[in-house]
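Reviewing the structure listed below.
Letters are used for the chains, namely A, B, C, D and E, taken in the order the chains are written, and counting of residues starts over at 1 for each.
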């Protein structure tokens, strides 16, 4: 308990960022290696924490507690459980890979490496903190801390419409999070004694009407982040314009913050309201799934297609959450992890292609399967994982989600399965347009994926395959916590 | 407390006055104005050293100088604000060229006036101190010679201010008539009786006009953008912080002591005004292209947020005002310091001067980004703590609509603050790399930056001291 | 009610009417010089009303102080408008109708409030008579602080005014 | 009291309103300054009237009024100084010709 | 010593071959094939003794927890019962033979190792499916088979048609798969288990104890599961992918699209037979779909000219037969036909492949007189065709007879008639193919045919042998052993053999063959004439009943345009709505370009239009005239005065 390992995980990137800041601007290789080393250390720390993590325990673990703003009873309270730990692990992993990806093929503008890696590491601190904070105030701080580096990372190193995308991302998320802040304050004042600590707040009953209102406030914050259907328009822009490693982080980690928020805060704090909002969430989830799928189908921009597929896949997470039963929750949490690995991989692959061809227009490609067999294989692998091929991780989570949602609503489940068909359609259509058919003579000069890129992708593939074959690897860590959450929600564990 | 007894608590103010007269005097004889400015800073430092926290509320000079913890906080506030402003003007070329000594002397008087406002406890002192403050402000705004804009700003400020003061005075006379006394507490007691309610509301409204003009509360904010644009930039920086803060101080005192008995209507009016202020400020700020004007609208919007704390009229509301003001003091002065630096280096007041700042002067740009983020209320910076407090105050008092409007406004605000961030970071550089910044501005920047960060990360240190 | 008080009463009403007429002249007359003269009339009428309220010192101060102030105003008015020349320049702007309408509402509302309010008129106050001596004592006693403050204000403002109005060196 | 308090209050109100009218409509800045004097004067009448009718200690109203007189004079002085300076650089004393700063 | 758990090795070995081939294929080169074949052969040698033990009446099963569903553990395991052992037996043998054949057929292909990797993966999945003991594992392997099918159809992906065919196959089957998925989810929610044995036990209990189960839910489940069959086994109306799938290499067509994968759909129904039996109202649907498919496919096959397409339609038709059989409660019949069909249809495809390999053309109109040049191929092809046409005593006769018997004995006379007609057409089109290909004169002189190497002909002969003998276990000579063996599984009605049915069957086949002989060997003009006379039917058949056109117009196009529409919706409306909450206020503004700039061009930055609009108004208030400001102050005062005094 006294090892402070979680604090180290949170603040190690910050130390790395400070180190980067102190390095001279011209020593770009120092800066790069420093950043890579930092992410590696964080990953190592996370693995170490994994060894200490007791998967069979339901409550919070490795708690660290210190008074921070005593006037407001704000604590520095971090801890982890079966919901947050997988996310922390995912963050460490994705950050490491994104950093590796940055080394290779980010178009770092002249002399701006220092800024890039500084912001990158700052971002990692924010993400880690978001997943580990158990004090609502602390959580909000970290949540916001994520926004700013992200704005710069998209805005400076992004594509042609980067400024628009960056500000759109920023404002959307800020709008949501401000409402969340109001919700947090409302919870604080409704609690007696006033506290932000999740550990104490969970135990307190809240008035039903109050729950509904505040749930809505939290919902706005989280829904925009996920993003849930009507709030999703920032996502394609941000994903498309962001540089590859940042897209990876965006898809791999940031989107999860929203659904994580539901599991960690909305549900335990407002169980009755959550049940009351269940149909609405379910409907939004299904709309997101189908809508995202259809729109992805119409894309000609590779990255945009992947971005919209995220909308669809995150819809499954939400569907699992809306199901509010054991299978739904497990599916949702697993889907969060899997979507991170799979879509992260897909974005990396888009980046690989873009670095070589400098275009992402799907109709412009064709026949790359023969020219770049290694790339073709890996792309096919990730696409298959994404469309939910059994044996790869995406299937298990979608299956569990659907199983859970089936217990809740047959119609929604049936509609959601349209999304599965659509996933197959847009992904295979993409493969067809990129890899299959006649080789466009324009691309005869393209080289196959190189080792560095393969090494970046390999860990993701390992996880996708391993979880696809034996999902209990990770589910074992989640189940006690999720069952505990269900007890709070009042639903019997079915 | 009689005059002689009072004097020992009055040392900082005496130092200020003596310093001011001394500065005016030696200005005649000394050619090197550095000495004068050094003397000014010395006076302020001495004064700061002698500021002591009173154990209980001290009714100095027959309670014409009411020194309590609240006033004490603003004593510090005023001295720091003036100190930083003077450091800023020290390297502001237009002022260096003319009547530098008088400028510093007037600022010492200004410090005194600010403290007077904070300690005023009856109608007479309120009127006198606010007028003192206003007169000095008019003069400082119009200080630059042969500056068409400065003169225009000064006359607009004067006309607007005088009318508002006259209206407030009329309200004061009515309040005096109803209660028969100039003491706020007596007035408050009188207004407790129902037949006086209409009159009390009228009087309160007139107070709101006279002081709302000081804090640039809509719809009495119209002077602010013009004056801010026209005034010398350090003066703009000062005006956007200190008179506004003291306006809030005295307005809070009046509301809490004089009109508390009115119950809900004052809160409602202030809520409406708060919403109006932040919305107008934010909406208008979006399209500004002049940096000073931009910051003027931003400061109007900020006033709207602070008004939230005033509107709830609770203990938490009071705390939120103090904290917000402190955060705002350092953040805004920091932002103005950068603005002055950029203006000095480029000779341009437009936002366009900021384009590509991150390449031309990375440190300055980073600092500006921090200040803007703080203004936008992004954690973990000082501005967030302030915003958090006002939101907390509003929610605690169940002013949900107000909080929601404020939240929406914050997003709009973030949009235009990020315009500058965008200019600095995402736009290619359009000029040469900056040479080293003047020392005084560097000092200000470092000081404000440290406070902005510290207040965001370790707010408890500040809260302890403010709220004790 | 005796005759004297009746006369005084009518005298006061008359003065008030005079003051109001003069005030209206102040804001409507095209010629600024005439306006200033009318202002003087208003001020003198006001001083008379002060006297009727036994505020002798104030009446005197009003006349003395304002004569100075208004004379300055008049001088400036003449100085500045002379060069601008003709009297045909419009002296009012376009918002006079709006202002008039607004003021009507304003007066009605405030008038109602004034009539509705039960002013706590006390016998003690009615009977009181403040002499100049008492005023002086008050200034040197409890009111010494504001007194000192106003002196500082005057000094500071005048210093500032000089700096502002001075021609560039 | 010789005449009802309300009458004198209405008188001062009208005076105040007149001043306000002048402030709102006079183009000449000096005219506005004159109108402001009217407004301050109206307030002073109130103060005096109240000091003679409702005041708890009779001298307060008068003292306040004296301070107001002083402030009014100062304002006039400062105002005229600024007008003079303005006239020097802009060659006008009309409000609607002073609008370099807007929007 | 054969222990049952060794059966796990059966799918595992091909999987290892797949992994090695995939990762090390670059270095293995042609040795890749040996690896796959070896894996498959060893699997075969492991599987057959176990199957044999099952044929003796043993029953093996084992399972382990894989996943927790709620509090219920989901166990994965294998089950060796008559059904799975039969399939396993068939798949291992046929699969191995086809892989041997492929060694020759694919020789020299640049992606040789990749091909065998895919095939091994397929084998692995198919074998897993055969022995899986629950729906989820079944579904997983089912999907992986779909993937292999996709990859192998699109194996020559440089050809656009191949790439498209793969896409089409995967998507079309996916539609059915999703139905299947929801189907077993429904089943799970109805009976709380996904395990076949447990389901069978439950159903048996329910059957004996009346109907305590949720009949409606179970019917739904059965229907949805049948959707999976429709997709995978290319039943009407999702059959369109199978003909296109012939773009793949011929061994693939033989293995996946004739013998094994497409049969998995039928196998699924057989697996769920206890479920279908307990909800009798679903069976007619199955029958109807099967019958329509059988007839329609045969009808289309009549006029096709591509050798593989004819076989593909034939496969569809025969799958229809099997489904019909199952629909008529003929579990034994259906399964039996599944097994026999696998042998002779695989043989047909391989022989056709051999022809293609030898001639490099696929259009039968360009062939002719190949018998002499390719005797082995031709002979085995004819044997297989005879089996397909149902000439006794070849295997096809026995199994087809069983199906006809089911239809006849269960009283569905119309079904019986249609099936009989289909049998006739089957014989006709098969022999049309034979006569055009192997007999007569060569019609295209550019074609220089040669016999295939031994590595290809040997498997042909092996399968030919199989096609002849595999029918005997179900024939009267062995007292219908197979049917009785199957009857252990689930209770279902049995029918007495009928000589009449046998006669009809033989007659239909003989008629068909004779007619084909007459027309295509002697009077080729008759064919022309018939086509002209019944031009509508001819065109209908030639154009595959216009299914592709129909789907393209009714499903694909609308889907695509819906996608595009929604995207447009996204870009304009949702964004626009979020950005510009104030549409209504904007109508008054005459500045159209302004709207365009801020809404349509997407230059709107967040609060966008409303904020900017208000901005343009509010900004105007700041006129620069101080008296305007004062007027505003004054108005403000008035407003608040009025408001306040109303409050009071």
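By our rule, contacts are C-beta pairs under 8 Å (C-beta built on N, C-alpha and C of every residue); 3 or more make two chains touch, one makes a residue touch a chain.
If you're wondering where the values come from, they're calculated on a predicted model, not measured in any experiment.
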item: Path length in the contact graph (subunit C to subunit D, fewest steps); value: 1
item: Grouping of chains that still touch (sans subunit D); value: one piece
item: Chain centroid nearest the full-protein CA centroid; value: A
item: Farthest chain (mean CA position) relative to subunit A; value: C
item: Greatest separation from subunit D - chain, by CA centre; value: E
item: Contact-richer chain pair (by C-beta pairs counted) among B-D and B-C; value: B-D
item: Length of the line joining the C-alpha centres of subunit A and subunit C, rounded to whole Å; value: 71
item: Rounded Å distance, subunit A centre to subunit E centre (Cα mean); value: 35
item: Distance between chain centroids, defined by C-alpha means - subunit B, subunit E (Å); value: 76
item: Distance between the centres, which are taken as Cα means, of subunit B and subunit A, whole angstrom; value: 43
item: Subunit B residues counted as touching two or more neighbouring chains; value: 124, 128, 131, 135, 139, 142, 146, 154-156, 159, 163, 167, 177-180, 198, 202, 225-226, 408, 411, 415
item: Where subunit A touches two or more other chains at once, by residue number; value: 167, 171, 175
item: Subunit E residues counted as touching two or more neighbouring chains; value: 605-606, 619, 622, 624-628, 630-631, 634-635, 637, 641, 645
item: Contacting chain pairs - touch in the sense defined above; value: A-B, A-E, B-C, B-D, B-E, C-D, C-E, D-E
item: Touch list for subunit B against partner subunit A, complex; value: 358, 373, 378-380, 384, 388, 391-392, 395-396, 400, 403-404, 407-408, 410-411, 414-415, 418, 421-422, 425-426, 459-460, 463-464, 467
item: Subunit D - residues contacting subunit C, complex; value: 1-3, 5-11, 13-15, 17-22, 24-28, 30-31, 33-35, 37-38, 41, 44-45, 48-49, 51-56, 58-59, 62-63, 65-67, 69-74, 76-78, 80-85, 87-88, 92-96
item: For the subunit C and subunit B complex, residues of the former touching the latter; value: 110, 112-114, 116-120, 122, 125, 141-146, 149-150, 152-153, 156-157, 159-161, 163-164, 168-169
item: Touch list for subunit B against partner subunit C, complex; value: 3, 17, 20, 24, 60-62, 64-65, 98-99, 102, 105-106, 109, 112, 116, 124-125, 128-129, 131-132, 135-136, 139-140, 142-143, 145-146, 154, 177-180, 190, 195-196, 198-199, 202
item: Contact footprint of subunit B on subunit A as seen in their complex; value: 67-72, 115, 140-141, 144-145, 147-148, 151-152, 155-156, 162-163, 166-167, 170-171, 174-175, 178-179, 181-182, 185-186, 188-189
